[in-house]
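Can you read through this structure? Questions will come right after.
For reference, chains read A, B, C and D in written order, and residue numbers begin at 1 within each chain.
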Amino acid sequence: MSDSAKDLHSEYMVINMGPSHPVTHGTVKFLLTLEGETIIDMKVDIGFLHRGFEKMCENGTWEQVMPYTDRLNYVSPLINNVGYALAVEKLVGIDVPERCKYIRVIASELSRISDHYTNIAAGAMEVGGFTAFLYFVEARELVWDLIEMLCGARVTSNYVRIGGVKSDLPDGFKDKTRDVFKKCRKLWADVNKLLTKNRIFIDRVRNVGIMPPDEAIAWGFTGPCLRACGIPYDVRKFHPYLVYDQMDFEVPVGEKGDNFDRYLVRMEEINQSMRIVEQALEKIPSGPINVNMPEYRWQSKEDISTRIESLIFHFKTVTEGIKPPPGEIYSAVEGANGELGFYLVSDGSGKPYKCRVRPPCFPLTAAMPKMVKGGFIADIVPTFDMINMIGGECDR
Amino acid sequence: MEANITINKLKARFAESIVDAHSYRGDDTAIVKKEELLDIFIFLRDDKELLYNFMMDLTVVDYLGKEPRFEVVYHLYSLAYNRRVRIKTRVSESECSVDSIVSIWPSANWFEREAFDLYGIVFKGHPNLSRILLYDSFQGHPLRKDYPIKKRQPQIGPNNN
Amino acid sequence: MAANLIESIVKILFIFSVNIGFFSPILGWVERKQSALMQDRVGANRADVCGFTLIGLFHPIADAIKVLTKEDFIPEGADRLFHTIAPFISLTPAIITFAVIPFGGQYELFGHHVNLIIADLDVGILFVFAFASLASFGSVLAGWSSNNNWSFLGGLRASAQMLSYEVVMGLNIIGVIMVYGTLRLSQIGAMQADFFNWGIFLQPVGFVLFFTCAIAENKRAPFDVAEAESELVAGYFTEYSGMKFVMFWMGEFLEIVTIGALVTTMFFGAWHLPFVSDQMLLNYFRFAGPNGAASLAIVVNIITFFSKVIFFIWLQMTIRWTLPRFRYDQVMRLGWKMFLPIALINIFITGVVILAK
Amino acid sequence: MIDTLKRKGGCSSCGGVDDDSRLLGGSVILTKLEAINNWGRKYSFFQYPFVTACCGMEFMSVCGPKYDLDRFGAALPRFSPRQADLLMVVGTISHKQAPILVKVYNQMAEPKWVFAFGVCAVSGGFYDNYATVQGIDTLIPVDIYVPGCPPRPEMVIDGLIKLQQKVMESRWSDYPKGASPVSNDK
């Protein structure tokens, strides 16, 4: 700085970015201290979407938690469903049938694809690439068609049940998936052309929001953001759940841990997830989709109207809830943003005593100031997009 | 037994600090005294055979009616050995404070703020222990079992409890 | 004298109606439809009058009605005077610059000499620049007078960006001036009667730089850092509502037209069809008598000119919906560290070539 | 509380219509002007997306290629409340968020409309607890309610068309709506 800058009266500009600001998606507030365009200091305020998830869970039965998990990471609700169901099953000690495992893998991966689409689309839109945004919204729409076919809902699916899934794969699902993936791959290629080699886009995201691997671990990064730093930690590989150990897929890793690496990791994960879905659809065995434990499983509608025991069990599970044995467990799945952990405490009653979610984007958001300090205002945009903070999950 | 290496090492090193340990459904759990929490965590993080470098989760469970009332639960993960452990420490209502572990894992910063916000546990030595999910004018700690679920404290607008 | 007056008034009315009456509303629609086309959408098409929708052409009218009846808001603590005049300052230059842009040749019509340009200034290009740089005051004043941090940042960005790119744009023009040896835009146009004399062949680098700088000057994507939606909410016009806010947009749209017209005039043969000079046109239309031939030639000139302008408008729209936004410092770096040296080298090479001839 | 909201413009059929018809109702020109004005307004909603939660995903879809809200002239998002006509409240409003919503509403220039998108905005949805506002109509007047968790795009489009009809039926006297009744702002 020259002498004139010292002599002149100058002060930092303190500016409030959000919570109702286009980049903050309505659920986070940045308090910025700026020197010109450079960020001197940043405070992050979250909680604008705190909806009392845990309190609601503690006041409902174990089954009634399922719809609330949909709305944690509302971009990939099926993964949350699966994560919660697996956690309760671990608490009870259920092993679900093979076919159910495959269906859950398919559902999770479809959800992951749509999550990454949304994330990249939003990221592209916010750096000004509106066309790329709409291409991926269109691709996501196609994937949602599949999800709708599977469970009848587009966004909040409520598809997985403790000890199984709501319904079997519909007829023609495999063919439809093939069609959809064909179109999705084409749109993926379009977006790839629009962004990956676009000099302006690369300039915006490369070397921005860098997180070195050791610090990323210390800050609790997981998921694509950690893999972008070069650490191949993926729950699907490290603690294989369901049938991920029988699937052939790769875990893409980045080198630098900047926003461009995060973008590339997500782009590649879309492809890998498609591979998993295709493999799962090939290998899926026939058989039941629910465990044969009437005190835990959700009775099928057909049985309820034809069998008296089913009706009784249905009545009991709905009114009192299932009753897992007292104890506590922690179970993690690979969410779209990272490790999605459920810590459940049961006191033996029909309601969860404690249902804690380990939100993957919570520590990521906490590290925002670290990643953008010293950068420009404009750097907040891609960084915040690439950490993919989802209000429902971060604030719960 | 390989699975219990963490517990065994902890027991060998901090014999009198470990109140209890169990391994329910494969989850290794140690309940420790809160006085030696920081030393235990530094040991877990730095020991060559443990290397718990991830502080995955921090939460609190409110056992209303029991004494001590609260349990602070830490979930750690070791990338090098692909191992998880749960450390718990008990905190009474009258003296509900534990040492902050932000100096060991920066990721604990927000988790501790959240625990403070929702359960009112004070983390001693935390750089900025303030409310995070709720607003400053909020009275009480909503996830405590004695907080009524529908007790609203609006900042603006009608209070239709 | 009276004939001259009538001629001027007719020309002014023509350009005014084309710009304000046709281009500025229609461009809003074009932008919507163009983006819809690129994004696999349908775009606005529901506004109807008596059941006719005319592929959404009524939407600009609906927008205009709504905007005219929208509350005009001046924020607390704002400088009322400057807040009010800023949009006018922003809009006026875009309209005025069209005065010196020729949209046709010179003809004898009913014994009267018709020059298809409103004001044939001998410093035409300088006039354009003088007024174009006034537009930056509009953004700066808007940003400063709004008493809003985001507006302020937007205004700062706008002023820095527009000033920088004006420098480069001016240097690009020097190449053109050197080649044609005149500042008069009608003469530059006339000299491009020969296809291989078009500016694009004589100054290819100049064209690319000029076009890019012009988009940057207009603050359109990918250079829209001054109003960057995701960073600065709406930039310097965050605090504007209703008609004043739309005036910024109209200014932007009209500037798109002006840029198209300038590029056409300087680099793409102005009103000339390739390989067809005005004299040849008159010869083609000999069958209609001297006055008829001149009138037909004028029509052909105008159609040619505006077709080219429309092409460049389309090009700008396509660029806007394809590319992401630069970061502010990257815009400045591009201007000063890339374009400025290239423009200087371009002038140098042009000079060497002219000397060598 | 609810009474105030209604008077402030909760619905178009109550309030000042009677006074208005006595003053201006007979005038053909004014009625025609009103109709033209309403026609312009209904096809030119610049929306302010107040997107907070899950419904935002459907909101993206509604603006996306398949459903394309732009067909109705309502796709242009303006993130400055001064320039927006339609406040799209998309998602749960928590008590922490409530003052911001009210502020944004007050900052909007007249005429303005509010679109409650999703059941959380309509009534709080199944989040009946300490953290969430039980419907944004306790804070600001709402013009159209679209329930659903989240509503399907078809429902949103239906809601928008209903809002257009409502705008078409509105009178001069329905505006201005003024500041939110719960706020202290003037």
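The rule we apply is simple: contacts are C-beta pairs under 8 Å (C-beta built on N, C-alpha and C of every residue); 3 or more make two chains touch, one makes a residue touch a chain.
Predicted model, so just to flag it, every value in this text is computed and none were measured.
Using the contact threshold fixed earlier, the set of chains in contact with both chain A and chain D is B, C.
Distance between Cα centroids is largest for the pairing of chain A with C.
Averaging the CA coordinates per chain and comparing them to the mean over all protein CA atoms picks out A as nearest. Across B-D and A-B, the chain pair carrying more C-beta contacts is A-B. Separating the CA-averaged centres of chain B and chain D is a span of 44 Å.
Between the Cα centres of chain A and chain B there is a gap of 24 Å.
Chain C and chain D have CA centres that are 37 Å apart.
Annotation: 63 Å between the Cα-based centres of chain B and chain C.
Multi-chain contact residues of chain C (touching two or more other chains): 39-41, 229, 233.
Shown for chain B are the residues in touch with two or more other chains, namely 133-135, 142, 147, 149.
Contact of a single residue of chain A with at least two other chains is seen at positions 21-22, 47, 50, 52, 55-56, 134, 138, 395. Annotation, chain-chain contacts: A-B, A-C, A-D, B-D, C-D (touch as defined at the top).
By the touch criterion stated above, chain D contacts chain C in their complex at residues 36-37, 39-44, 64-65, 68, 70-73, 75, 78-80, 82-83, 85, 109-111, 176.
The part of chain A that touches chain C in the complex is made up of residues 13, 15, 21-23, 37, 124-132, 134-135, 138, 194-195, 198, 200-201, 203-204, 376-381.
Those residues of chain D whose C-beta lies close enough to touch chain B in the complex are 1, 95-96, 98-99, 102, 128-131, 133-134, 138-139, 182-183. Put simply, chain C touches chain D in their complex at residues 32, 36, 39-47, 58-59, 61-67, 69-73, 75, 229, 233-234, 237-242, 245. Those residues of chain D that touch chain A in the complex are listed here as 50-54, 56-58, 60-61, 63-66, 77, 79, 91-92, 94, 96-97, 100-101, 104, 126-127, 129-132, 149-150, 152.
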